[in-house]
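Consider the two complexes below, in which subunit A is the common component and subunit B and subunit C are the respective partners.
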Partner chain A sequence: MITLKKAAAAVLTVGLMAAAMWLYTFKPHLEDKAQHPLMSRGRLGAVVGNRDFSVKVSRVDVASAITKPDALAKPTVMRSLGIFLIVQAQIKSNKKPFMTGHIRLETQSGDEYGPSGRAAIPDSDNEYQPMLWGPAQYVFEIPKDRLAGARLVIGSAALQNELSAETNVDLGLSGAKGARLAAHPAASYELRT
Partner chain B sequence: MTYDPLEWTVRDPLEDTVPDPVPRRKRLSDGRRRAIEVAALLLLIPALLATEWIDDDHQARNWQTHERVTVVRRGGIATLGHVRLRLLGRDTTGSTTRAATPSGAVTLKLVVVARPLDAQGVKDVDQVGYTVRDRAGHVWSAGGSSDPDVKPQVGTDGQVTVTAQVPGNLINTVVLEARPGGLLSQKAPGPTPVLRFAH
Partner chain C sequence: MFLAVMGVMAVLLAVAGVFGGFRAQAGGPVAVKAGSTVDQGLFHVQVMDARAGRMKLSSFDPLRNLLLVRMRVTNTGDKTFGISSFLDGVAAESKPGTYLQPDFIASEGDIDGQVTSSIHPRLPVTVQLVWPLGNATAPRTATLALRQWDYGQSFTTDSFYWSVTKQSPIKAKVTVPVRMGATS
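On to the complex of A and B.
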């Protein structure tokens, strides 16, 4: 009887240890989730804000090439194998000087794209001040079939913590509009410098 | 075969595979043992929580954002580290800003007199960070610039022009703040000293 009890206790102990280890595998995911920034969602044309900053996406263009004017030489034309998505936005800080960061384009399929990274296309890395809307322009280079349903995500350049904030803006590219723009992008988009 | 009477005393008393030849009574009754266990738990759990609290507190000190604000009266002189500062005046005419600046912004200029008190102050004078703020707690970046041809000297007043872009309706109400900037900000532990110049 005692042997049976001991065997049962051993099985129970091993089972509990296995359960504890299984539960422990969730810990990194939970900690990772806790570090995710707090997300504010909005759409094209609307002010999307949080306690740190506000964003208003005013315009979205899709083109298969980008032209960069040059005052002294011929304009530079950059072509893409996919398409360029150019997003014009206004950003203001809500509290203290603020720099944008972790900027990315989220697609419907869950892929994420950073700004194009082409040296000839300048990044909008301005510092934004409270109560003053400042312009921002982001250029993404993506495959044509990733355009529909794309959303712009803007975060902070500062070190992230549990209370960091991000804005997620629906660029209004879902459905027929996205498909039409992907199929017939503008031949060229001229960058404003 | 010899009999070692000590062998039985070093055995685990809870081990019952072999009957204990030495009759002995329990050192602790069950109730008393449980009371001790409960008391130990009651001590250990607060001790664990307190240790974590203290550890977190120590770690949080590295990220402290406490500021010790000194309000300087109008025209008053205040010392920030090894530099003595005085707000000389402000240009609130709100000159038109450049095209690259946000709409609704006007340029505020503030003139500050900075006097290094010693050799360290000569190094520190260019490291002072400036901001302007309103009563609601909004903070705007500001940049200090001085004549590059005039080198700071101990005991000599130098002029620093602080420029900030602020909303036009707040140009007369925002106040200047000075705090250790750059490498200076990493020097001393404890709250960051901040000078707020009233006007």
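On to the complex of A and C.
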């Protein structure tokens, strides 16, 4: 009887040790986000702002290719394996000359896509003056199934601190509209130069 | 008593088997042939081909003796990375133990014939890596070391991120035959 008890204890001990080693392979993924910028949220067409700057997204286009006209040669056509999302916005500073930065597209799945990075697509000027609305155009390249529910995040180019501000704009692509645009994007979007 | 000990041993072996057994974990870089996919942690990489010779990368460039390697790269993470970050995880092994970083300026990303500087999550990019050969004769084969990217939490902030350094362990070594000539 005692032998059986010892055997059971030994099995239990080894089992617990193995379980402890298995548990050790799990690492908590905890982020208190204390250093994340303060986020103001809004939606397409509305002014979203904070003390530093304000953003108004006026137009969103979805296309499977982008055409860049060339005055002297044939236009450059850039095709995507996914889709291009072109966002037109107006931005103004609220205090002093302001540089936008950390621009990204947040998808519903939590992924973050930076601007397309295509060499042929010019970056929009990123300095804005107080009380003057200036235009901005951002081009993103994403897989088709990442379009629904995507949001545009704009922050500051300055070094971040605990009181940095960001705006997070719902691009109105949730549900049926996002699904429709992802399934039937425009064949091509022509860049204005 | 003997039977009981044997029984306990049998159970212990079974438990060890359930939790992975006594099989040794594979260590060190794996030798891989060109064309198969290597999982670097953050990127899935498929080495496509290599060519070498005196060539111009663009019409304004001088004629240079170069080694060009093309790779198909897929970002499996949740953030966009620059081509230059990807280059940090790749080196050419010219002779055993000597690792050469690709040229940052000359290497570039390419989607459907158009240049790009970013690798977005789940959108594959063809990356052309360039090594200047100087006066050396072009090798018949090139060996590329693909390093393991590491995912972890920052020491000073609470953010998690992928990183790779020149000290990162090498996940795989890919040997690819080098074709002579400038045309692809």
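Keep this in mind: the second predicted complex is superposed on the first by the 160 of 193 C-alpha atoms of A that agree within 3 Å, B and C clash if a C-alpha of one lies under 4 Å from a C-alpha of the other, contacts with A are read in each partner's own complex, and residues count from 1 in each chain.
Rule of thumb we're sticking to: a residue touches a chain if its C-beta (ideal position, glycine included) is under 8 Å from a C-beta of that chain, and two chains touch if they have at least 3 such contacts.
In this text the structure is predicted, and so the values were computed from the model without any measurement.
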Regarding the shared-chain residue A:129, is it in contact with subunit B (first), subunit C (second), both, or neither? first
May I ask you to decide whether A:95 touches subunit B, subunit C, both, or neither, giving the answer as first, second, both or neither? first
With the two structures laid over each other on chain A, which partner does A:157 touch: subunit B (first), subunit C (second), both, or neither? neither
Subunit A contact check, subunit B vs subunit C, more residues touched by chain C
With the two structures laid over each other on chain A, which partner does A:22 touch: subunit B (first), subunit C (second), both, or neither? second
Touching A:12 in the superposition: subunit B (first), subunit C (second), both, neither? neither
Doubly contacted subunit A residues - partners subunit C and subunit B: none
Per the touch rule above, subunit C residues touching subunit A in the complex are 1, 4, 7-8, 11-12, 15-16, 18-19, 78-80, 82, 109, 111-112, 114-118, 120-124, 157-160
Subunit B-facing residues of subunit A, complex: 92, 95-97, 127-135
Interface residues, subunit A side, partner subunit C - complex: 3-4, 7, 10-11, 14-15, 18, 21-22, 29-35, 76, 78-82, 104, 109-120, 141-143, 146
Over in the complex, which subunit B residues touch subunit A? Could you list them? 101-105, 131, 137-141, 165-167, 170
